[in-house]
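Across the two complexes that follow, chain A remains constant while its partner is chain B and subsequently chain C.
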Partner chain A sequence: MADPMKIRAQMKGDICDIKILMSHPMETGQRKDSDGKVVPAHFIQSLSVDLNGKTVISGQTGTSISRNPVFGFKVKGAKAGDKVTVNWLDNKGDKRTDEATVG
Partner chain B sequence: MRQSIAIVGALAIVIGSLCGQAAAKDAATAEFDKFREVMEDSNPAELFEAKGEDLWQAKRGPKQVALAESCDLGLGIGVVKGAYVQMPRYFADAGKVMDAERRIVWCMVEKQGFSAEELFRTPFANENFTPEPTSLVTYVAGASRNMKIAVPISEPHVQDTYQLGREVFSFRAGPYDFACATCHGEDGKRIRMQQLPNLAKKDEAIRAYQGWPGYRMTGGFMLTQQWRMNDCFRQQRFPEPRYLSDTVTSLLTYLTANANGNVYKGPGIKR
Partner chain C sequence: MNIVRRNLLRSAGAGGALAAMLAAGILKPTAVLAAEWNKNAFEAKDTAGAVKALGASSAAENKDLSMTAPEIAENGAVVPIEVISKLPGTTSISILVDKNPFPLSASFDFAEGGIPEVAVRLKLSQTSLVKAVAKTADGKFYTVQKEVKVTVGGCGG
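Entry: the complex of A and B
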């Protein structure tokens, strides 16, 4: 099981600013270790963000994204107290779900 | 009259060239600062803070105690808030002046019963490994975010350690006849694109402290001040000091106390 995400969701006027920090190695599969063996690819392949149970953004992600990635976006129509749920799934089948409240 | 015009002319050239230098430096520095500002907003160091907090709270080690119920960082057992900016300080139970990392490892060994030998074997992080003390230091440092640095410099043990640190800072040795002061004892020096702060000066000493512990974007791992000091010795081609040695603590005492009164912004981010 992966380490928890850090999620910040803050109202700025009538727009909600959401920042998600994920703990993940994001291996590209192109690197070699000190023994010359290829380090197998290990990356988050899909990500979705729900606001009060309704998906507001989802997408496929790949190996061009850095280790411990940050994902930030803005959403309209949210209000303080709303529940943000983030899901990700990686190529090894590991997944993680975390929640935060809009502040 | 003619002479004075010549002098004025010469002065203008000197001033002109000084301004030119300052402007060029500022442009490069400003770009880095902009970059850092964007990155600081969502610094992965927070992930290590969270990990460190879990380690702090959990009952662990052969003795199955939590650091939160056994470790005194100088402000009472389990008190984390504000502890980082008031270290290095003297700890009577250990009979030593200790910086944050040294104290945390001391607690892990003395209170939780972890093996010192084991902890000393791999003290610094790499791409595949984060030592537990590194996460713990990041957590403790994060709990002093936006607080003023206040090393208790009037305490006699700390004062002695400070004086020793000052000596270490200027101690020339090794195959290059180097000292910390060779690079960090003058204004306006740099290594490649890296600006070097003059750490002997009060208003610049904060730059040795700010941003540590730091998340290194190249590789994506967390590094502590203990690592920074160790690596400075390596770069000077000195023999590398033992992990958590008196030498490093004294140097950290000198650098941190020089920055007393400045506000610490919390764990940082490095290129």
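Entry: the complex of A and C
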């Protein structure tokens, strides 16, 4: 699997605030390296956020998301101790799954 | 080469990477990530094309759909954008950068429990309108936009 994500899931009143930092080059496919060769596109295409095993948010992303993507989401129906799982899949078939406990 | 990888590569030609992964048993069919990446929308070269590929018909502005964006982004490679929808029954939010080579940046769907508020960081190639399109359960679309001035472009070209 690719490099791990950092996930923080904190209860703020009734709402669970989720912050995710993913490690990914998010290459657009438009950049040239120092030899003048085009660096091929390599970017996260889809992601999902699951609460206790059930997907609450899913997303598709393109090359204009910044390198090492940071996402902020909010979920309701969570409580401290619940499990948040984040998955992503990129255009090369690389993927990553990480978990965090709601605090 | 291991058997899984060989199966994957063998079937990759036949139906695209996603189909190949399903065939090789890597990707569970029930996995949410199995939804086919919306190539038409993400590879559309203008906002109108991307919005059409998302199935969004005429979208109205509404005060319950808001966006927070910097007026000036010094670094076009990392522009923080937040979109909040207070529209009842919001099922998805898509974010587009009008002047980017491929305007559609992201599209999020909210199931039960998912609150329609997202924070992302985008690359902006130049000063541009950033637009969000929200869809509600009744099939209607809403939009909001903000102009972000960029001093150093973020697409690395």
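Methods note: the second predicted complex is superposed on the first by the 102 of 103 C-alpha atoms of A that agree within 3 Å, B and C clash if a C-alpha of one lies under 4 Å from a C-alpha of the other, contacts with A are read in each partner's own complex, and residues count from 1 in each chain.
In this section, contacts are C-beta pairs under 8 Å (C-beta built on N, C-alpha and C of every residue); 3 or more make two chains touch, one makes a residue touch a chain.
The shown structure was predicted, so the numbers you read here are calculated from the model rather than taken from an experiment.
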item: Fit-or-clash call for chain B and chain C when the two complexes are aligned on chain A; value: fit
item: First (chain B), second (chain C), both or neither touched by A:15; value: second
item: Chain A residues touched by each partner, larger count belonging to chain B or chain C; value: C
item: First (chain B), second (chain C), both or neither touched by A:23; value: first
item: Touching partner for A:86 - first (chain B), second (chain C), both, neither; value: neither
item: Contacts of A:100 with chain B and chain C, given as first, second, both or neither; value: neither
item: First, second, both or neither for A:67, with chain B first and chain C second; value: both
item: A:6 touches, of chain B and chain C: first, second, both or neither?; value: first
item: Least Cα gap, in Å, left between chain B and chain C after the two complexes are fitted on chain A; value: 6
item: Intersection of the chain A residues that touch chain B with those that touch chain C; value: 66-67, 70, 72
item: Residues on chain C engaged by chain A in the complex (per definition of touch); value: 8, 17, 21, 26, 31-33, 35, 37-38, 42, 77-79, 82, 97, 100-115, 117-124, 154-157
item: Residues of chain A touching chain C in the complex; value: 15, 26, 28, 30-32, 45-49, 51, 54-67, 69-78, 87-89, 91, 93, 95
item: Parts of chain B lying in touch with chain A, wherever the complex brings them together; value: 41-42, 44, 46-47, 50-51, 215, 217, 219-220
item: Contacting residues of chain A [partner chain B, same complex]; value: 3-4, 6, 8, 19, 21, 23, 66-68, 70, 72
